[in-house]
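Chain naming follows the written order as A, B and C, and within any one chain the residues start at number 1.
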Amino acid sequence: MTLPEPVETTSSPLYMNYTYVAGTGRSVFLRGLNERRLLARHCPGCSLVYAPAPEFCSRCLRPVGPPFELPGTGEVSTFCVVNFPFPGQVYEPPYVVAHIMLDGAHNRLMHLVREVAPEEVTIGLRVEPVWVDDDELDTSTTSIRYFRPIGRPTRDVAAVPYAQTPIGPADA
Amino acid sequence: MSLSAPYTIEFPFRRTVGPKIGTFLAGLREARLFGVRTARGVLCPPLEFDPVDGAATGELVELEPVGTVTTWTWVPARPGDPVAHDFAWALIAIDGTVGALFHCVDVGGDQDQIKTGLRVRAKWRPDRSGDLRDLWCFEAEAP
Amino acid sequence: MSGPLAVIGVGQSVQAKRREVTIGALVREAVDEALADAELGFGDIDAVVLSKTPDLFDGVMNPELYLADAMGAVGLPVTRVFTGGSVGGHAAIFGAHLVAAGLARRVLVVAYSKESEGNFTWALSRGLPFSSHLGAGAGGHFAPVIREYIRRSGAPEHIGWKVAVNHRHNAARNPYAHIRRADLTVEEVRQSPMLWDPVRYLESCPSSDGSCAIVVTGAELARRAPRPPAWIHGMAWRTETGHFAGRDEVNPQAGRDCAADAYRQAGIADPAREIDVAELYIPYSWYEPMWLENTGLAAEHDGWRLVDADRTAFGGDLPVNPSGGVLSGNPTGATGLLRFAEAALQVRGLAGEHQVPGARRAVGHAMGGASQFHALWVVGSEVPG
């Protein structure tokens, strides 16, 4: 008996349709973006301010307070420069993806930093949002086209604080 | 109220099938049926490891594509099914094997013709690609 | 508690792109080797624990069912543990807990990934509704954290290159490693493409297929094992969420707490002096100084100085990742268990060419998610006292 030459691999595609639910907390932030507003919320437990805000503080597990608007300016906490192409990539490399701490907030928003050469971006760089036109506004972070520098870093980058609040319920 | 949106996940995985199942699939392409030896008898379809004791399975053996229906369920035909009319999904014990193969049994849409113990024979598709669908269905053996 | 616990069997597959084997056969390579090391058969095992990373990496859902035959789990309780990249470490600890709780006498802990069946970077970079599509693979997440470490610590840029070289040189002594480069130089790392600035190609882990398995048991059976056991002196896992105000991802609190708990159990007051070798979860070279600090093996901001002074190289006083580590092979589902297993091999004296001479106490460490999951164990050649 001669055996046939084995098949080596088979296609095993996966296709699933879901409904993605943003969550009531995040939806407040997303609806703000649709109106060019950056909304923050305060945790009554640890007194820290979230922007974007979840429904509950992840440290204290307490519901956060009512939304209020931030000025929208902020600071690059840290960043990387994406330098290579990969499948499904939306932006042409190189581009800067930054963690932006909005003024008045204690957590960070991830977004692009443009209108500046990647090699000139620094930790501590002051930035502001550049919003899309009215017809492109959406309940999405895509309502912000990107952040751009506003002048030079106002602080010595070496002095930017990093020793942050310890974890745990502040009001335990 | 939370915002929500449709979200689709789609990935084109390719799975390595290994020498045992790979030979089984290649056999189907040639309209040949293979099983694999284990300590307790031949398994068809073949597996890499015996599901009872986890031991690696042995050599491949060619089988006559004939067997006996051990149990079945009658289903109405839907788009994409192997045959266009109502049929049975059945477990078929291939002659000379232990265990069973899950496949379609076509009895011409007449539920009265399907029964446990029915002798069936494989019907092959004319165009075959090394896939379980090369085995079109099983049909009742002429009495 | 059943008293001291130990690892009595370790097995692993060769890490590479393994297109020729099925997932089941890949898993079986490690299982067979671990059982052979312990001179046991499937009949000697009472429970099986499986470690695997996200299902979208290879498209297998319910792997604990899919692999029940390959793992020899028929008729036994089987549990899948899942905590992202740290999962192998958590699975080892979970397996040890089953023995400690008296629920099993010998537990087989199995781990694998077969990433060649899917696309790892793509699976991690899918856009979600309501957001700009900024994802750029795992490196896109960790690179900004690395930049923050570099700024805080004032480390010079050659530290990252040096770690990349050390680990690949170590891997050249490990026949199971994916990337084995005895000839790699700092200059070659420095010249390699910048992927996620500040992370270069040769400072990044590969995507690998591979598996690992260990057998964990209690003191009585460990004393009867054919080869020296690795005694578990302390083990801990900790979790923190990914996004909370005030989070420090450079030196996560959960990682510090995890290490401190394991050292407390082990009676270790000065880990840098009392640990002979550390196998840490380092997917990008800069995570060596970062995790040295986070796990208490170096003072804050000083981790890079240990690298600079060659103290963490193979001949140093605190060798890190003698196996070559994650930078030399990254089957994500098995990566955490491989770290724990390497620590065990070192204190058993069975690490072959990458054996650190006289290793008596070793750390195995794993991290998962966005540094949200941390697992660490301290194993030793002596029964814990």
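As a convention for this text, contacts are C-beta pairs under 8 Å (C-beta built on N, C-alpha and C of every residue); 3 or more make two chains touch, one makes a residue touch a chain.
Computed from a predicted model, the values in this text were never measured in an experiment.
Taken as a contact graph, with one node per protein chain and an edge wherever two chains touch, the assembly is complete, since every chain touches every other chain.
Highest inter-chain contact count (C-beta pairs) belongs to A-C. If you average the CA atoms of subunit A and of subunit C, the two centres end up 29 Å from each other.
If you average the Cα atoms of subunit B and of subunit C, the two centres end up 40 Å apart. In terms of their C-alpha centroids, the spacing between subunit A and subunit B amounts to 49 Å. Across the assembly, subunit A contributes residues 8-9, 12, 14, 20, 22, 26, 30, 139 that each touch 2 or more other chains.
Within subunit C, contacts with two or more other chains are made by residues 19-20, 56, 59, 117, 119, 122, 126, 128-130. Within subunit B, contacts with two or more other chains are made by residues 3, 5-7, 9, 11, 13-18, 21. Considering their complex, residues 1-19, 21-23, 25-27, 29-30, 32, 34, 60, 62, 130-131 of subunit B touch subunit A. Touching subunit C in their complex are the following residues of subunit A: 8-9, 12, 14, 20, 22, 26, 30, 43, 46, 48-50, 54, 57-59, 77-84, 86-90, 94, 97-99, 105-107, 110-112, 118, 123, 138-142, 144, 157-158, 160, 162-167.
Against subunit A, in their complex, subunit C makes its touches with residues 19-20, 56, 59, 117, 119, 121-122, 125-134, 136-137, 139-140, 143-145, 147-148, 151-152, 193-199, 240-241, 243-248, 250, 253-254. On the subunit C side of its complex with subunit B, the touching residues are 18-25, 28, 42, 56, 58-59, 68-74, 114, 117-119, 122-123, 126, 128-130. Here subunit A touches subunit B in the complex through residues 1, 3-24, 26-27, 30-31, 139, going by the rule given at the top.
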